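Got some structures for you, see below.
One chain, chain A, links the two complexes that follow: it is found with chain B in the first and with chain C in the second.
Here is the complex of A and B:
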């Protein structure tokens, strides 16, 4: 008996293989007695950078992998690149995260890489089975990461809430998949579409129930109202770097996966789902924007804003054409930049002030720490869709897609939603620039009570100005982190509490990342053509509309 | 015997699981009910796979079992961690996050 080995496209699978190897290596290295926080985080950044490099190398390939369960094309790679970028920023933010200290850096980063691996599989999957595996591989490490700050009850509560709601969403999705599989006769997207067309099943009850349940399950994951209740709670309770990763990467990948599922596999029943999703989009825009008004916790505010943004992005899926897909990819990239520009200063402030993520933590930031204040301001203006930022261009494309696809009323909803959203985004910006810094803002977060330390407010601010002006916006992550090592080895949390000490060095890396995201937000807002070309390239690789 | 009976049974299981998630208060029981929902999906997959004469559904069901086990491991871990923190094991009392 001869054994014929299967044909394996190692080149096409290389990003996935890298991430899988990375999970194992980082976990193992984390167990070494001498492995510190920098060993693990630099290693993780290396894995993410390698995966990104391989993804860029495979850009332009169009093949089926693993017997057709994964599809290698620019659409999936675009989502993967955004997820890798978000993960790299999260790693930089997590270097001094208490949750990562408690869980062990190796375990923390291995879980993060595991989640990114799930994202890689999910964004490429064109089979119900690989979709489900990718989704769960993405979610299960995130449940753990959300609850990883075991000393804080809020974190455990967030992890448990996310686990329960996420599992209910997965189970609903699975039941929908079972019905779709049973009726259309296959788990492969192309064969499902063919089965529905050939069998004349577009009005079949089981297909429609299955589609509805799959949409519900996905709506739980991307926090579309009315399945959004967990979002603000989990965003607030999870460690902030994890929140930023969840907000950006999960949303991106889940949207790309829904594009494949709905437009390829369920394309023949488009007439049945587009109206329902359009209504969900408008409900999300309304619920998110109204819920965010009057929130004092910035993380909660961003949770509600994420619900509204999910509603905006959903309009690109509803229109069911190539321009809609391109608008989604553009907006997802823009959303990643803008959201990270807001989260990065938030993480820095959370560790410097005793106010955690309350709006008081950013009051007076414009005067004392302009290099943290600017990224946050630019990010918030971008999320609101102010011209000159990439958020404006993104919303423009989404509205154009909605109007072109005869969903003008969603375009109107996006405009009205953006107007309402200015109320809460500007409230934070006003707190940054127009309020005095509250007393005790310079005290470290760990202290809890607020010891008076007025002179420490100004000292770190001035040292920061000198430090972070040296950060080059174009520098790579690897270079960034190795360069910062000598400066921050002795920085520690203690340096912030010592007034007058050059403690600013400990987070110039964070400031640099924030400035990088903000600079990109402005750059692509003024000259969006590189990002537009990129999104068009990714959108054109996915073409179920021709058939 | 017709496939539809299996589907009816799986739909009933799913409904029992879902109402359990909504009505019960202990996170442990909620986790059990989520398992019930996932197994309802498994039953539907197996019934469909049998009626289609196709193996994919069986493979899918096996994979779902593994994933369900992973979810339970994480869920129980979180519940044990919460118990050690002397948090109330009642989802109605999870109130530190709201607003």
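Here is the complex of A and C:
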């Protein structure tokens, strides 16, 4: 018997290998008795940075990896880079997260890295099997991360809800894949397209049902209406850094994977799915924007806003041309910057005030904490699509792509949706700049301090009160609030055991990340050409439209 | 051709004879002292009829889950075990070592987190 070792392109796989090794290393280092929160987070940042460096090194390569199941091109690498950036921001936000403390830092960051690993595989996959593996590897750690604040009922509920809905989505997707494979005779995207073309199967019932089921399964993951009901609940219940990661990275990678699936494998069936997806896009825009109007919880508001944004982005997929793909990549990068600029101050405020993610937590922020108020304002304006921000350029490209692809009515829906969205984005901005700071906002939370905020038991004080087994109770939160609000009153446990002021620079780290995202939002809004070139580069590497 | 089935016939006959003989002997000369546990169908020590209020240790569920995980993953070692010497490939060996190292990492993790302690 002869056995020949397969040719493996280690260079092309290097980001994936790095992330895999990173999961193992972070998990093991987290077990060391002396590993504090900084050891694991710095190590995780190192892994993410290395993977990003390797991805940039591989930029420009076009090869098939692992017997053609993965495709190394700029499209996948662009998605990976956005996901790595979002993960890095999440790590910085999670350093003082009670959920990470409770779950153990090693496990928390290892799960995060595992999810990023799934994203790397998913964004590169051009095979139904690797697609599914990537999707599950992405999702399963996220289910756990959502429920990682084990002492908060809402977090557990979010984790369970996401698990059940996600499983339904995965099952639907898998059923669709089975039908596509059964009819087209292959799991490889190129061969599926070939099989459909050669067999004249574009109107075949099984292919159409399979396409519909795959689209449904993906719509669950990207939270496209009418498969969106889980989104606001899960966004609200999950620990906020995890929410920011889910909102940005999952959406990006799932969209890139959908681009490959729909435009490459199911390209020959395009005439059948584009109308359906266009209707879903418009429904999402309507549902998301209307749903967000009455929300008092900023995380719920961002959940609905994410549904609407998914609708905008979907229009780029519908038009089925290269410009649509480029518009999607541009918008996804823009979306990452804007959304993170909003989430960073939200996390900071959540730990400083007793209002959790209620809109009152940001009231009066403009006067008391301008360095947090500005990123949030810029991020919200960007999400609304105000000129001068990258969100405006992104929407412009999407509308241009929609109109160019004879879907003018989606372009109209995007414009109307953006106008409606101003109502709720501006409401938050008005709260930041035009309201006085509510009484007691400076005090770290005491459980039950605000009866209206159902998540008040999620606030730091109570979490750490119950969490006395954690390594350094009390000091965890003393840092942030004392650095940012000198002279303010502290809740019992944090002032009692607070050793000095350990958190000054760490708070500045969070503020710095927020400012960075906001600055990028403005910079690319004024001079979008670097980002446009980047998106065009990524879009051109993926060319199924010739055939 | 039928001759090749002869060993099966011999095996079945012997099996019936020997097995039957032991059952018969047991029935004739064995002592009979039935108690509640003895007369239940054999099921790994667990009660065979589970009541609605039946309770068992949470630790058992954790161990059982981990057992299934590792058990299934070890199944993957068999095909490689069959192949590895015939193939004579360092690549194959390294692959399987990486696989086992990943499994060991998981084992170390659950061990260190106390999932294997019977509480």
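Note that in this section the second predicted complex is superposed on the first by the 484 of 547 C-alpha atoms of A that agree within 3 Å, B and C clash if a C-alpha of one lies under 4 Å from a C-alpha of the other, contacts with A are read in each partner's own complex, and residues count from 1 in each chain.
One rule holds in what follows: a contact is a pair of C-beta atoms (placed from the backbone, for glycine too) under 8 Å apart; a residue touches a chain by one contact, two chains touch by 3 or more.
Just so it is clear, the structure is predicted and the values come from calculations on it, not from any experiment.
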Does the superposition put A:97 against chain B (first), chain C (second), both, or neither? neither
For A:74, select first, second, both or neither according to whether it touches chain B, chain C, the two together, or no partner. neither
More residues of chain A are touched by which partner: chain B or chain C? B
Using the superposition on chain A described above, determine whether A:322 touches chain B (first), chain C (second), both, or neither. neither
So, A:157: does it touch chain B (first), chain C (second), both, or neither? first
Touching A:27 in the superposition: chain B (first), chain C (second), both, neither? second
Considering only touches as defined above, state whether A:179 meets chain B (first), chain C (second), both or neither. first
Could you tell me if A:350 is touching chain B, chain C, both of them or neither one (first, second, both, neither)? neither
Give every residue of chain A touching chain C within the complex, in rising order. 1-3, 5, 24, 27-28, 31, 104, 107
Residue numbers on chain B that touch chain A, as the complex places them: 3, 7, 10, 14, 17-18, 21, 27, 30-31, 34, 37-38, 40-42, 44-45, 47-49, 51-52, 54, 56-57, 59-60, 63-64, 67, 70-71, 74-75, 77-79, 81-82, 85, 87, 91, 94, 96-99
Which part of chain C faces chain A closely enough to touch in the complex? 83, 86-89, 91-92, 101-102, 105, 108-109, 112-113
Interface residues, chain A side, partner chain B - complex: 128-129, 132-133, 136, 140, 143-144, 147, 150, 153-154, 156-161, 163-164, 167-168, 170-172, 174-175, 177-179, 181-182, 185-187, 232-234, 236-237, 295-297, 300
